[in-house]
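In this document, chain identifiers A, B, C and D correspond to the written order of the chains, with residue numbering beginning at 1 in each.
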Amino acid sequence: MSVCVAKYHDQLISIRRHLHTMPEEGWSEFTTTNFIVEKLKEYGYQVLLGTKVINPENCLGRSQKVVDAGIAYARKNGVSEDFLKATEGYTGCCGILDTGRPGPTLAVRFDIDCVPVTESTEQDHIPQSEGFESTRPGLMHACGHDAHMSTGLALAHWVADHKDELKGRIKFLFQPAEEGVRGAAAMAASGIVDDADFFLGAHIAMMCKSGEISVNPYGFLCTTKMDVTYTGRPAHAGVEPNAGRNAMAAACNAFVQLLGIARHGSGMTRINVGQLNAGEGRNVIPSHAVMKMEVRGETGEINQYMYDSAVQIIKGCALSQGCEYTIEKMGEAVDLTNDQALVDVLTQAGNAVEGMNVRKDPMNFGGSEDATILARRVQAHGGKAAFFVLGADRPSGHHTARFDIDEKALDKGLAVWANAVSILLKK
Amino acid sequence: MSVCVAKYHDQLISIRRHLHTMPEEGWSEFTTTNFIVEKLKEYGYQVLLGTKVINPENCLGRSQKVVDAGIAYARKNGVSEDFLKATEGYTGCCGILDTGRPGPTLAVRFDIDCVPVTESTEQDHIPQSEGFESTRPGLMHACGHDAHMSTGLALAHWVADHKDELKGRIKFLFQPAEEGVRGAAAMAASGIVDDADFFLGAHIAMMCKSGEISVNPYGFLCTTKMDVTYTGRPAHAGVEPNAGRNAMAAACNAFVQLLGIARHGSGMTRINVGQLNAGEGRNVIPSHAVMKMEVRGETGEINQYMYDSAVQIIKGCALSQGCEYTIEKMGEAVDLTNDQALVDVLTQAGNAVEGMNVRKDPMNFGGSEDATILARRVQAHGGKAAFFVLGADRPSGHHTARFDIDEKALDKGLAVWANAVSILLKK
Amino acid sequence: MSVCVAKYHDQLISIRRHLHTMPEEGWSEFTTTNFIVEKLKEYGYQVLLGTKVINPENCLGRSQKVVDAGIAYARKNGVSEDFLKATEGYTGCCGILDTGRPGPTLAVRFDIDCVPVTESTEQDHIPQSEGFESTRPGLMHACGHDAHMSTGLALAHWVADHKDELKGRIKFLFQPAEEGVRGAAAMAASGIVDDADFFLGAHIAMMCKSGEISVNPYGFLCTTKMDVTYTGRPAHAGVEPNAGRNAMAAACNAFVQLLGIARHGSGMTRINVGQLNAGEGRNVIPSHAVMKMEVRGETGEINQYMYDSAVQIIKGCALSQGCEYTIEKMGEAVDLTNDQALVDVLTQAGNAVEGMNVRKDPMNFGGSEDATILARRVQAHGGKAAFFVLGADRPSGHHTARFDIDEKALDKGLAVWANAVSILLKK
Amino acid sequence: MSVCVAKYHDQLISIRRHLHTMPEEGWSEFTTTNFIVEKLKEYGYQVLLGTKVINPENCLGRSQKVVDAGIAYARKNGVSEDFLKATEGYTGCCGILDTGRPGPTLAVRFDIDCVPVTESTEQDHIPQSEGFESTRPGLMHACGHDAHMSTGLALAHWVADHKDELKGRIKFLFQPAEEGVRGAAAMAASGIVDDADFFLGAHIAMMCKSGEISVNPYGFLCTTKMDVTYTGRPAHAGVEPNAGRNAMAAACNAFVQLLGIARHGSGMTRINVGQLNAGEGRNVIPSHAVMKMEVRGETGEINQYMYDSAVQIIKGCALSQGCEYTIEKMGEAVDLTNDQALVDVLTQAGNAVEGMNVRKDPMNFGGSEDATILARRVQAHGGKAAFFVLGADRPSGHHTARFDIDEKALDKGLAVWANAVSILLKK
């Protein structure tokens, strides 16, 4: 039988809607983190911040400019200087509740950043008609992380309310910068999940409808995201073209070779250069070029093959065109196989919710998720990990201007979470 | 013996410095045009504006956004609505003075736009130390068109003062958008020089020092400037890359083929893609790409060979990658051979100036100039044309932040101009 | 219980060894076909030749030069002019035996060509030490088709010997030009298998050891083989490079784009340009280029996607470089799913052989086979088809100079075949 | 007044025709060298052979296979073993005549190899109708070196006949392997011209008609010829493409970058890859690729720029694709500015010939000639050098199947040569 979570319904909706109005990009979520921290403290949690949850050396794709803008936005929102100092410049936090009774440590993870999408202004888009649309043009919670956070906070609330019925310890990880699979590596490297016996994470919507959960998804592609820059030497294209070092030539020739990296006999590969910006003026030999790219592979080994091949090509083209190059890793995710023990827990937790359709068949997640980095860290330390999908109808695809989720699905999702915690930490 | 132009010295300097403070980009020179028109009227000229001097169908590289910004800047500067209306949105003008005596028509051309360079703030840069630096960050008269205009206006003043000694008619063309060789085609297509018996134009500095003029330069490269866009179809780079039509692939493969267009056996060629911007997001198959490019050739035929070869490549890559494409012509200039009769006039005009070193040997201009378009139009209608270079020392190259000209060279330059007019239109 | 095939042991070995000495390339197997026909007639079969079994319009990768060399070799071997005339220039044949009793028609297929490999001369290579090595340098039965033929003829012999115990009709297809997957399309297009209720084919060795058979292999890749030619225009590379049309440029740019065809979201793809020969002389703009290439896909649809994408690229590069092009299909194979009814028959046939390990688990064939074209034709006409693998130990990989098969495996293989025929056509 | 050379007319024609029948490729001209040596000895010359005239370390583009074939052909022609031994395997020779009187040393150079062209069999092609066509299919004196040799031998004969009227010393260089500009480097490196005060060379026909000579041609392009090989690793293109190292990918990507080497602001450049052969089989990742290529530049510096840029690209592509590479220099020629003193001598020598049109205006040679290597060596040692063109009508271009020269032009050409020798070495 399921636990009852009706009491948390209003909170689920109102927090989700509040956070939806104030989306923040990865590594800039100071206002968001401040909000979460206040709630966690209100519920009685011990909260860790800054370098206690983020290892600065492992931050991927973190732009100081974006961080500074986030701090400025936080100040505008009245976030205190004390809080900002406590973050040490790093967003995200961990709320810890110890029951005081011997038992396992469970880490649960919720991601908090938004995507760079401008929200639809059409009146039949519910956040518009209900008045909780993004107040920040160019930014939007278009992937559902607002719902993740409201679910996480409601779960934290429920755990605090039921702590007398539980044993062991629970850690709520609110992770920054999931978009671009950037934040998990730094959170994992902080060691915050090294003592976890269990790890659970979830995504809303994706391939599951309202009323469904997928307890054993597959197809979490290993991926590495990179920014590549070429620096050459400008020259007048009419007068002395030979004096230039053409960074655009390095980039374009790298591009054509990158797409041509040989397929792998043992499994699926992907490569994409999603952005290329090069050159200064029409009559100047281009001296700068930047490529935002990614590789993927069905396994870690295949992803590594793609990465290594790409690096060789990038180097070779720098040599060919007499340019300098840099490669900066901007994100990474690995693959994941859910531990069967947790698949069983999730199945039981889902079946306990009335009307829930628990999908145990393999469903293709078909994307990358950096929760896999945390999951792998837990598994590497002897713990068990699983990632599941909480269904929710949506009028439009993830990362689109009209993305929204069926809010009625949130209650059932919370119930599954609470049931799972209940099973794992029952006194 | 040379005419005396000492009276115009102060005007030469002050107008040049005034215009230096307020540089305007091509097709946006409303404040500048207004200034010139007021001066011409003050000197007694009939002035033509708008579509009388610019054929809208032949405008190259004219962005409505830039035009609108120029109009806004003009309003801020107090330029009247009546004037703005008279321009019909097109900058540049023609001042006409008819002596009333039968005689030839002489067209003289001065260009009025600036370049997108931020001026040096170093204190040893004379415009800074003398307080006439650009007030508009990102824009600068770094090619000497400020000096061209002050020379043109001083010459107009001199002509008005000496009109009783002259016969025939003189047309002062103040041409917009020379940078990127964009404005001359539209001015030529207006027919404004079709009745000219003689055409003269000049550039300051370049390969000539103070005290020199080059009366028969060569090496005006024919050139065509183009913007190329590819439009494909986006797709998720992980889930369904095959569903995309990769516009970046079209652009990069076009790039590598464009640079490889075969050299021409009959003369020099050039090709450059100066800017390439493509793609939307790291994990999306790029659906847009834009290339700003140019071709050049030693002759019109060779330039056409380069252009035709480029178009074939651009088309073929669209076909290969299943993308749509557009090619927009953004500028053009042709080559020029000075008519000997005018070379002789310029030689005589230069020799008359004390201490002037008249270079009749072939000197390489080594760049493109769209005065050649106007010169060719005059020659095609049976007139004679020449373009010369007025030397001036300069501390730094054209189009650089520390560009400046030796103002002492302006008087001698004006004297050459006035001598030439005097020879051609002497009563 | 298995049928007994011991009587055919000597024939199996001696015919295999005889054919091993005289390998013939695809479409040139006149001496080989003559040998087979004589045997089939000796066993009492009706034999069809020439256009009765090969549709000339569907021949892929058939070079007249190779055909002529095969005819010359046949004459040297004393093959009669009457026989050569009967072939109409096309190798391969079909032996038909009708029991006279109503029953199904079974088509069985064996391939007869060799590969262009020079056989090892090392003395521990059994064909050398036993004295049945290839007498034709550069040609070798290095894929096991010699064993296929001896098995096919032994089976034909067994069928003839046991015809009174059988019903229906059996057709023995001896197919030319399997290497490069070229011959099956023409044999299928002749209509020779259109009346078949059952189709069986097999390959020796591959992923199965002596004593194993795989009755339900997967991973028959769909593939299309093409020869692409570009024709441009030569020009002196020093004097007038612009006058050329560079066929090598078309080919090299096609190459780089071909390798870069986007991966497919729904399954595996492959592409290879295995040979590229272009150009005439060092100082001549290349006017000819030939690429021998292939595409593959996990399904027919994916292979078609690869083929269509390749064709677009090839066309576009011809346009870009002003060259003509041709694309000639040189071979094709499709995928295959064995019909369950025949999997069951093969399982039963295999289990009846003492000590045979019948592998019903999915084993990856990992290559292309044009028997799939015949199988698909039979299935399209309502028949059932299967392809199985008869294990045999081998000291070296297929298509290598030291390839050989464990001859002891041949008896068990024949037994499986005879059991299968017995099951399907039992009176 | 001109010297009289009528006596040598028959010799000029008969030797030219004899040599035309037996063309030999560069580095294989053993029969040709033997013929020349016999003539020189007959005229009384001291003759140097082998490593006295060829430095083996500087041989470019010398294939042992071609050398061996040349030796075999010489044996077939009855050339003695003693002679072959004396050559040490290196073709070409130097005939020296010392007048015994003090005076300058003059080196004159004639080239002796043919081109790989099959001669026209049309009956209106004079070598056919007159019966002196090439007897060697695939080889032809289609560049006029047969005429060069007959002129050189007639000149040697004339010098010997007039040695009492001359002072100083004359060296007749008969140079191998001019085609592909391969032989001169080795001859120069032998030191054979280091003592020359004057150097003269000439080419027949080219841009000059019968009755013309060009005494100051320009446009001798500097050039470097290279063979580039890439070696990768083969792999099955279907099963394990990732295991390969694709040499064709290295070559094709190098190709597209090579053509795209930036034009040079200071003068003309050229680049061509004239042949590319890569790959083994259709379904194998190509492990070998060979490119026969060349670069050219208007000056030595520009040619070096092209060469250096090419090498960088070739290296970079090896790195990008994980392949090994080699670059072998196959030929080279430099530019040449005739020394004015010798231009004057040639003018005088030409004017002395009745009806000769001496072209002193700059005429574009428009190709490469390795006589420039010898000329530069002489100039580097303080001597003076010139190369001139002896006009001759021709029905078809150099290096074509119907090439031929107007034999009537040979007498005037010899007269110019003899006049020049007479002026330089007059007692």
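Basically, contacts are C-beta pairs under 8 Å (C-beta built on N, C-alpha and C of every residue); 3 or more make two chains touch, one makes a residue touch a chain.
Which chain is which protein? Per UniProt: A, B, C, D = Amidohydrolase.
If you're wondering where the values come from, they're calculated on a predicted model, not measured in any experiment.
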item: B-D against B-C, pair bridged by the larger set of C-beta contacts; value: B-C
item: Farthest chain relative to subunit A (Amidohydrolase) (centres taken as mean CA coordinates); value: D
item: Distance from subunit C (Amidohydrolase) to subunit B (Amidohydrolase) - Cα centre to Cα centre, in angstrom; value: 69
item: Euclidean distance of C-alpha centroids - subunit A (Amidohydrolase) vs subunit B (Amidohydrolase), Å; value: 52
item: Distance between chain centroids, defined by C-alpha means - subunit B (Amidohydrolase), subunit D (Amidohydrolase) (Å); value: 50
item: Overlap residues in subunit D (Amidohydrolase), where contacts from two or more other chains coincide; value: 239, 241, 249, 253, 256-257, 259-260, 262-263, 270, 285
item: Residues of subunit C (Amidohydrolase) defined as touching subunit B (Amidohydrolase) within the complex; value: 239-244, 246, 249, 253-254, 256-257, 260, 262-266, 285, 305, 312-313, 315-322
item: In the complex, subunit D (Amidohydrolase) residues that touch subunit B (Amidohydrolase); value: 256-260, 262-263, 268-271
item: Subunit D (Amidohydrolase) residues touching subunit C (Amidohydrolase) - in the complex, by the definition given at the top; value: 116, 180, 221, 223, 225, 237-239, 241, 248-249, 251-253, 255-256, 259, 270, 272-286, 289, 292-294, 296, 330, 366-368
